[in-house]
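Okay, handing you the structure first.
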């Protein structure tokens, strides 16, 4: 029995209570354990990804109960790559949090961080819809804690809205789950995929509504317009490392949509046909456009980045909503890029913030380490706007290419390209004001010498940029991997068979099928 | 007429008693005109009514199966807690001035509920309608 | 025996009806108030009636599965009442 | 030895009550259950003893039992009275009154039992204590004479409680 | 019976939604709570309704009908989780209120800053 | 040298100047020069092969699925451009070394310059159009940095952003065009695309592709109507202008048109668009240039004009036109770079570039005068200079060109353009250098050191050499032209020579030159007319456009994201309900398969209560306490409903949670206002009601639908019913599901609870550590508080009740596996017992006697649950695999030992810890100042000797 696959969930789940129990009062020990945990996580995740790379689907039956009766964790290419991405991102974010001292500005940062990781990992790995809900809640509640970490009134106010909106989302999730159980009598995704096939064409209302509700749940997570309202102020107000970690949270929604709508309600599935493709695409394009407009309209640097995130999620969703193997592969490539780029930019904004009185887009005296920070910002902005040489450009090319043979091509092309331009304009405007115009503002006479950003923080940001570079340079193999991943998603039979035909406690192996 | 049947009739009796007292409690709650008098009805009539139901359940269980007596526990709970609830609600009524105020006690300075902390005495009381 | 059982059925229905009606009456009192004390009292009464309802349900179904529920409602209903009253009295229920 | 016993049984009566409650919860009387109940009856009071400092001394159990029976009887009788009042008497004819009952009792436990008794016996609700605990405020639903109510309470219940709690 | 349950869910949802659109955190939280009730009952109802069939195995008795235990377990989990969430949102709302002396759920409009620089 | 290295050298070298910055300006410029020179030499090593007509290619796969590969090729065209880029680059570097002042960060400058150089070289060497796109965008980015180099100048910043915006726009359009092109051709490799002329031109997608690609080219090469950014880019330091606008950036568009010439040109669309745009640009640029007083602006518009000229030549789609274009590119690069540098020298020495303030510099700066004059005359098309040659070729070409059916249109406009071109060149010479010496120069001008004049001088030598001996350049230009033509047509046989005889081109040339002189003569009245004439300023229009877009997006985005949660939730609700209704409407509804069960009086009454409570809550929610009580009723009714529908576990959970929630909300309400004011308008309320009612009806319909139908297949819970005793060892199926079948859910659930508590604790800490603390301590209640903080009766009751509650909790915990109950409910019950104690005797008194830190309890609970799960690893079973056995120890009955019980213990502890930590934190917030130390569990205790006097103030009230 190999237990590797549960480790990404269990490792943080054990580190966190340990920190609470043993190291509540020692930030140093907390840091050591947190870093060690994340490093171990990366190792495990890399191992899992390697294991899954040849197409192996790893099944883990919790409590030894066979699916669909018990909960299973399933590691395939998609879930393991997401796990790996999360772990790597977590390391950078953690380094930054430690470097900048963010983790010491409130209680329980590391414990909440670990729990957050646990939630995300669980959400990626689980093969059961209700369990997905539970992990959503774990990651959400930890995110609430992280979001309001170190307090402050603006942050708390944003926090209230964030939590309330997500509570609506959780409620909706339960509605969707209830509908799904009422309609099909199961919760396991693989089982669901089989059962929905039995639905009669004369009775599609139930499953249609269930499918749409579920889609909306994930759309909320993915910050799809008009369900994105939770994102701007919460990400802008959240502590930078937290916002950077949140970059992966929106991707959880995207992941879930990919997972459920390729396996359970695939595009060719009659009863729900026409539900997600067209509408999702329309709203994804809207997100893309609105996010770009927000970048242009923003008056604060942090708000601008949040809109860039919305825009980039719109991009992801546009690609996903085409639902072809090619587009999913492109989406996966872009998801990685978008996660890293958003995280990078959030961290850089924090570097700016740490030596600037505010983040309004008005000129202030030059910030500490301006040359370095502006160079980092330039790189981050390039990544976010999808300009070469970083991976965003390649991602964009892939996305456009994927939309070629579809009906929506014109729309996709127009929106993606115009939105990119708007992003470029907005980001260059901001950079020019913050970094260039600063040169023409003399610091106040009694102003203290601006502080250089801490080295560890810069290492973290640099690490993220290095990852982005690697993502670009190795675009070939990475995209190749994503293509095989998408292929695996569009041929779910082995997945379903692995999940459903593996016997567990007290159940006999399935005979035939 | 065997023992079981008698128990069944006892059950019926308890049920009837329970129904009557529960009804009385409800009527009292609705009918009586003053918060303090209203307090009288539910705290005991309802307690007794529900108590009867519990006893009915007990006797019914003795009539139909092995019998159980854990209902007594709930009964005890109700009887023990009802006075405290009533006491608190009475205090609320006094504090909110929603009933006639009692005269000051003869032995001590005042009733404890009215013994408002010094810091709060200048705050205006917002009585209930 | 059967007559007794039928009688029990009837009285049970009576009991249900009484409880239902008294719940509604309590609800009326709760809504019209007028004093906070009345409202807390109404809630308390409704909790009691709920206990009665569950007990009668237990009799109807001939099961004692609902015992724990009743027990807990009895215990916790009291705590809620006290908490509400304390809130009115002191503002702070734990001080 | 005494101290050890005291440590083990901070409130012997509580131990008894808990054992009884346990057996009732189990809804069956068996040796195992009783033993288990006793064990719990020792552990739980021990664990919560910090919150019950001191213990009421010298309670006479026998008299307490009698008292309980009297109260039970009163509850039933008086409930009927109250039901009658509620159902028949118009509100205007009610004569609600505040009654002050001066207390001779001193132990909090005793006063509490008295107050509870007053509330359960219909017609009266104990509403408040004076600020030094020497009087009890009682509300009577329908009383002609406040003094009569006070005297009945003092004679029927407080006297007995005084005997029980010496 | 089904009609009653369904309509009760509908009413709870309606009331919850209405309160959700209020402007103070407290009613909004109450609205969320009502929605939570609604969804819990809905989830529960997804196992269909049955009376007198608690999912407690009766040993040695054959042919007993049990109500669907799975939704019950799910609802239990959901109740607990939503309790945790409620506690958190109450606390955060409280923190926001204490910091700003204002329990409005809507943030004040961002103070519009001066014009930054020409657009180009 | 490998092509890879040629492209990579500038990029790799770009790091060096930045690093060498501290080593001094000399080192900085030197290393840059060396880097550039190496690339240049590397390029030259490939010259023999290229000049022999070979195409040098190298390639490596990058993203083969996309068709994006790192393929480079070097043919005549690429070589030509690379030569210009690197060659002029070398001169610019040398020039910049002396031009930049000491305040300028030289390392930064050269880094940008090398980046730019690399990107340009990349463009011209790309064999893959996607790769080309990447380099294309890189030039936009690096030119952005270069133009904005002087960050303190607003013009610099604005010019940089305008350049980025316009060229970025073109670049993005080009992405679309290139992708379409690649899709048509089936490959993104140029070598493949260039072979597919017919395929591409016949495709229905040809026109969109053409338009998008041309948009890219035109923006980059500043063709009308995108010409306006280029003059504003002049805010950059002069070396940058010289580099960007003579040889490199703006030529990128031209390069691409030349590159795509074989496949795109020749169609009517191409001819119409490209020729027209070129022609307009040429004339317009020339006219504007004439009236510019800023030397650099004049040169910039002249660049615009000349680019138009080249574009027009490419647009004619003839081989001769292409050859003329190539030749003019070369010539333009030489004289324009020289002119820019001269202008820079003038600026450097006189501290002004305003022609009106200059004049007579001939005497003071003879060397500069010679260089500039030769350059300008070449630009004007005076014989014996190279400009003349290509202009003649141009005129010859246009003479043959017919556009829109008119044979006069193109030649006429071309002559007009040349005329103005000559005019501004003459003006440049006359007004800057000729005329009398003035005494009001902002600085005293004199010729600079050789470092500054040498680079333009070298270029001017080239100007003269080619002008005098055109045959020197002929083979080279023909090789280049051959690679432009890509074999579609043959290279024209025409020879490059100064004298072609009395051909129409000569007449036209003469007209232009003479006209130019006349225009210069009547310049003053013309200028007056020009200044008086209203004309649209492209920059203003563009800025207005961008402003408008910004304003529009602000108007769109701001009000939408103004922090109004009410609107957010409304949007969300409408979206969700709308989507649900849509899905419903488009589906099919089948027959009901279940019958409705009859409803008795109890469900109806319960329903009434629930509905009444919910509706009452809507109407009465402003009274918060009442709303809370009503919520309690809803909870109560829901749990009674759960009992009615056979879910005792749920009922218990619901009710206990309800109780704790109420306590929690009461604790919070203590701080919050007790009433909600009316804030919404009647319209808002009716709108909200409408949404709410529609939402409610939808939920109702959905529920009703499901309740009357069976699931599509039997539910999976049949397995649970069957196996909960066999495999899970418990008869309470719900509990077995919770701790065994789906124990992982429960594990997540307790973690949620634990986090909730931690969060509340952390927030409390941060609040108490912050500015809120003082306010909390001095908080005044809005209602007087009743006396008797810790009522005696409550305390006494608690003393008995709490142990009993604990006992009940224990009982429920033990029974959970088989009867309703379980660790979760037990945890809540026990917590409520402790809360009772808190309520009775107060926070301080209770906490002082508490032995267990709640943090630890939570941690322990989560750990126990987790470790129980891990325990099964040791028997090679998956996480949370349960096992159980029955044991019998007299006098006890047989009882069950199950690992699930340990898990449940973890649940229990986590719940107790979490609930208590949350409540404790909240009540810790409520500590006021001067809180009396709690010595006694109750306030009034007649048995105590010391009657408390702190609380009593006799005689008052």
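Order as written gives the chain letters A, B, C, D, E and F; numbering starts at 1 within each chain.
Note that in this section contacts are C-beta pairs under 8 Å (C-beta built on N, C-alpha and C of every residue); 3 or more make two chains touch, one makes a residue touch a chain.
Everything numeric here is computed off the predicted structure, so don't read it as measured data.
*Asks:* Can you tell me which chain lies farthest from chain E, using the average of the Cα atoms as each chain's centre?
*Replies:* The chain farthest from chain E, judged by C-alpha centres, is D.
*Asks:* In terms of CA centres, which chain lies closest to the overall middle?
*Replies:* A
*Asks:* Can you check which chain pair, C-F or E-F, has more C-beta pairs in contact?
*Replies:* Most contacts of the two pairs: E-F.
*Asks:* Among all other chains, pick the one whose mean CA position is farthest from the mean CA position of chain C.
*Replies:* Centre of mass proxy via C-alpha means gives F as farthest from chain C.
*Asks:* Report, in whole Å, the distance between the mean C-alpha point of chain A and the mean C-alpha point of chain B.
*Replies:* That pair's centroid distance is 56 Å.
*Asks:* Give, as an integer number of Å, the spacing between the C-alpha centres of chain E and chain C.
*Replies:* That pair's centroid distance is 24 Å.
*Asks:* How big is the gap, in whole Å, between where the Cα atoms of chain B centre and where those of chain C centre?
*Replies:* The mean C-alpha positions of chain B and chain C differ by 11 Å.
*Asks:* How many Å are there between the centre of chain B and the centre of chain E, using C-alpha atoms for each centre?
*Replies:* About 33 Å separates the centre of chain B from that of chain E.
*Asks:* Could you check chain F for residues that touch two or more other chains and list them?
*Replies:* 154, 157, 161, 165, 546, 549-550, 558, 563, 565, 569, 573, 604, 628, 644, 648, 669, 699, 706-707, 715-717, 720, 741-742, 745, 749, 752, 755-756, 759, 763, 766-767, 770, 781, 783, 785-788, 791, 793-794, 797, 800-801, 808, 819-820, 940, 951-952
*Asks:* Send over the residues of chain A in touch with two or more other chains.
*Replies:* Residues 130, 134, 137, 141, 144-145, 148, 151, 156-157, 160-161, 164, 168, 175, 178-179, 181-182, 187, 233, 429, 432, 437 of chain A each touch two or more of the other chains.
*Asks:* Could you list the positions in chain D whose residues touch two or more of the other chains?
*Replies:* 21, 25-27, 115-116, 129, 131-134
*Asks:* Within the complex, which stretch of chain F touches chain A?
*Replies:* Touch residues, chain F against chain A: 61-66, 68, 108, 130, 133-135, 137-138, 140-141, 144-145, 148, 151-152, 154, 157, 160-161, 164-165, 168-169, 172-173, 175-176, 179, 183, 546, 549-550, 552-554, 556-558, 561, 563, 565, 567-569, 571-573, 575-576, 579-580, 582-584, 586-590, 699, 702, 705-707, 709, 711-717, 719-720, 723, 726-727, 740-745, 747-749, 751-752, 754-756, 758-759, 761-763, 765-767, 770, 855-856, 858-860, 862-863, 866, 869-870, 872-873, 876-882.
*Asks:* Under the definition above, what is the set of chain D residues touching chain B in their complex?
*Replies:* 21, 24-27, 75-76, 78-79, 82-83, 86-87, 91, 94, 96, 98, 100, 102, 115-123, 125-135, 137, 139, 141
*Asks:* What residues of chain F sit close enough to touch chain C in their complex?
*Replies:* 600-602, 604-606, 608-609, 612-613, 616, 620, 625-626, 628-630, 632-633, 636-637, 639-640, 643-644, 648, 651-652, 655-656, 658-659, 662-663, 666-667, 669-670, 781, 783, 785-786, 788-789, 794, 801, 805, 808, 812, 815, 819-821, 825, 829, 832, 835-836, 838-839, 842-843, 919, 923, 926, 931
*Asks:* Quick one: in the complex, what on chain D touches chain F?
*Replies:* Chain D residues touching chain F: 14, 17-18, 21-22, 25-26, 30-33, 35-36, 40, 44-45, 47-48, 50-53, 103, 105-109, 111-112, 115-116, 129, 131-134.
*Asks:* Okay, in this complex, where on chain F does chain D touch?
*Replies:* Within the complex, chain F contacts chain D at residues 787-788, 791-793, 795-800, 802-804, 806-808, 810-811, 837, 841, 846, 849, 890-893, 937-938, 940-943, 947, 951-952.
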